[in-house]
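For reference, the structure is listed below as structure tokens.
Chain IDs A, B, C and D follow the sequence of writing; residue 1 opens each chain.
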């Protein structure tokens, strides 16, 4: 049975559109991993400095921006000081800026003291190496092109090492990404590496969670939906779950139909 | 649910670009080809401009000009040598920059990956006291055996172990697959949200 | 000079990286910093190779009035126009950024999202229970999908917990680690083959020697 | 400044000469180097080297080229989308020479599509050389070795276009692939191409396994150049890879047994992680 693939596409688009307007509202259970991740962030010492790295761009923002949002809520509720910056993902800096600005206002975070935005720096793993030796020197200017020397938070964190930074929260979707952070910054140190991962590479990265090299992982849009519930701020992650249910049923149906056709033809 | 179409030029541009690419799903057509070539042109130019202002210009102005680190002049010359490939009699000179880049990459592989993978080995030192740990232990060993290239798979013991390894591999790949399918639709969801809520202005 | 020189340079540059990572003196001298910059600068310049190649191919198409030559004009105009704009305005320029945000970025994201459709047609067309291995892969994929979406839990309450613990957390971890350890060994071996001069396609050896 | 920082941190060297915690890492690299060197030396002196088992995806390379020849349509090769600093790209180079030679021999058009200017430059040179060695330098067309774009999806869009318009019969993709893998493999199959996909990027492997006719899984791509070259010296290096995996397996067995017998002992992990 050969169906025109365009018919399959049409079915898919219609199904997605319908669920976007009329959600099913199925409950989302919370996994152990999500709790572990939440606790890893929650249990950092008071007044810690966390480095949050939005290592993504608009292509993957659909999944990672809601995670960043929930992470910021949790960190600001715990009153951690936040350094926001990435390397190698130019557009990630702009995306993160629009997310952190309203949340920082909500929590009365002072720029330069409670949080700072480094923007995006070129170089990937190479930049991380230099930040380990001299963070302000490697970053030079902040997101708004202001010199970093004037900010108390930067004076307090001269290097990206365990003496100054308690955790690195990396939103990861490719290279450079979490593996570079692991190899260059957190491997063999007390800095906790917690990642927000696109759903696709979850199995791949799971082995680093099992080995303890990552202290936690928000696993795809599902993980985000779980984490949002733990933080108590339901958002876009939770909202996307109904579409995921419908897509799952559809793909499963297509696989089954395709195979029925295949098996009957074989006989 | 009444649409409220945007009047923002940027959003219109985004919507047109998005729809132009999706026409390919029907079939290859002139609209897609225009979008494809516009994108090719923009992308090639963008990366050059980005690299020029992030690496080449700082190198010349800051490092060489201000700091007097004149050895970076050699790095620029080394990069330029790749263009010797267009001079047939001197094209072999282009192998010099190439060998530097390959050598750097080779060194990088040797220098930075072992530490990460050694931790993967020590993480496999699991106490064989639960079903989960035993399954992990057996799986790692069988999968490694699957990748032995010089052991005869005709040998029933080796063949059997490698077969189990292959099951593990397929389960791992199946997990990756299942996760990816959903993730990919998230990407489409992001585009659909742009079209429906931002451009056409449906209330979300 | 033609064969030995590049070979020596390959070995030397990889040795510097290895030395500066593993050895005390290497870290103390901080050799990696200038070396990294050398790599970035020289690679950035080489990006211009792309310009030369694209220009030469499309100018040839135009000269021969090959089918679709019109599209070559579009490509060349966009490429050189955007390049000129970028060099005048820098990459932070207002118009340059506008084009990035409103044309470049949506074009890229949309091509990326085509994957969703292709996965769907592949689900119907390609994912067949042809062999035992393919069957395992498929069954597992469907299982995981149902475990990741709320619909699985709606069908059976323990679905996502089961998938997380046994499929992703156990079988997948073992399989992935085996694959990854093999890849690590293979990557090292390839690197060593290059250092030993066995593989020198990149410097004009005929593939492998 | 760099010097001052290094002084200030003053880490103590491990075993006198190594940077902190690097001795074991280095020992591993050295060990694999020595094993490979021994195997290569054995092969050079003509001693017996074990055969490599059959790898279906590599056997299929000649079949794919044969099919393209029969149909009078081109063979496409894509070396992934990373540059020459990624070992997967270097593994892909090892295959190009074999494929280009076969194409030259059978007078089949060979198209190589590149995302990065450096692999493009290397592949052009390898192909030129291959046509020369087959005595067909006139048949080599430099325009068939193409750089398309350094941007991932501009590249992908362009490859789709070439698949649509040049109608290749065989598509061989080996190297470091990302999200484009599914788009390329599925477009290829719309065109009815025979496809071989190989990568060490585990997140893309399921798509190559499911959508291509043959797949090279992970480490198999690193054995490709040796396998296709059929040279004993190269076989030797693959034997070295196997020895390394045996050592890793033995370490894991020892570690697991130790962890079972005395759960508190961290002796082995301390050595591996500490020096």
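Criterion: a residue touches a chain if its C-beta (ideal position, glycine included) is under 8 Å from a C-beta of that chain, and two chains touch if they have at least 3 such contacts.
If you're wondering where the values come from, they're calculated on a predicted model, not measured in any experiment.
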{"item": "B-C against A-C, pair bridged by the larger set of C-beta contacts", "value": "B-C"}
{"item": "Chain whose mean Cα position lies farthest from chain D", "value": "A"}
{"item": "Centroid spacing, where centroids are CA-atom means, of chain B and chain C in whole angstrom", "value": "3"}
{"item": "Centroid distance [mean C-alpha coordinates] between chain C and chain A, Å", "value": "20"}
{"item": "Cα-centroid distance, chain A relative to chain D, in whole angstrom", "value": "30"}
{"item": "Centroid spacing, where centroids are CA-atom means, of chain C and chain D in whole angstrom", "value": "13"}
{"item": "Multi-chain contact sites of chain D, meaning residues that touch two or more partners", "value": "2, 5, 21-22, 25-26, 29, 83-85, 87, 90, 118, 121-122, 125, 148-151, 153-154, 157, 165, 182, 202-203, 205-207, 209-210, 217-219, 223, 238, 241, 245, 248, 273"}
{"item": "Residues of chain C engaged with two or more neighbouring chains", "value": "18, 21-22, 30, 33, 39-40, 43, 46-50, 54, 68, 105, 107-109, 111-112, 114-117, 119, 121, 123, 125, 127, 134, 137-138, 141-142, 145, 148-149, 165, 168-169, 172-173, 176-177, 179-182, 187-188, 190-192, 194-195, 202, 204"}
{"item": "Where chain A touches two or more other chains, by residue", "value": "5, 9, 58-59, 122, 133, 188, 199-204, 207, 210, 220, 222, 244, 247-248, 251"}
{"item": "Chain contact topology (line, ring, star, complete or other)", "value": "complete"}
{"item": "Contact set on chain B toward chain C in their complex", "value": "9-11, 13-15, 17-18, 21-22, 24-25, 33-56, 59, 63, 69, 71-72, 74-76, 78-80, 82-83, 86, 92, 95-104, 106-114, 117, 120-121, 123-124, 132, 135-144, 146-147, 165-182, 184-185, 187-188, 190-191, 194"}
{"item": "Of chain D, residues touching chain C in the complex", "value": "2-3, 5-6, 11, 13-14, 16-19, 22-23, 25-26, 29, 32-33, 36-37, 40, 83-85, 87-88, 90-91, 93-94, 96-98, 117-118, 120-122, 125-126, 129-130, 133, 143, 146-154, 156-157, 165, 179, 182-183, 185-187, 189, 200, 202, 205-207, 209-211, 217-219, 221-223, 225-226, 229, 231, 233-234, 237-238, 240-241, 244-245, 248"}
{"item": "Residues of chain A defined as touching chain B within the complex", "value": "6, 9, 16-17, 20-21, 58-63, 90, 122, 125, 179, 182-184, 187-188, 198-204, 207-208, 210-213, 220-222, 240, 243-244, 247-248, 251"}
{"item": "Footprint of chain D on chain A - complex, ascending", "value": "5, 133-134, 137, 174-175, 188, 200-201, 203-204"}
{"item": "Residue ranges of chain D in contact with chain B within the complex", "value": "21-22, 24-26, 28-29, 50-53, 55, 83-87, 90, 118, 121-122, 125, 148-151, 153-154, 157-158, 160-161, 164-165, 182, 202-203, 205-207, 209-210, 217-220, 223, 238-239, 241-242, 245, 248-249, 251-253, 255-260, 263, 268-269, 272-273"}
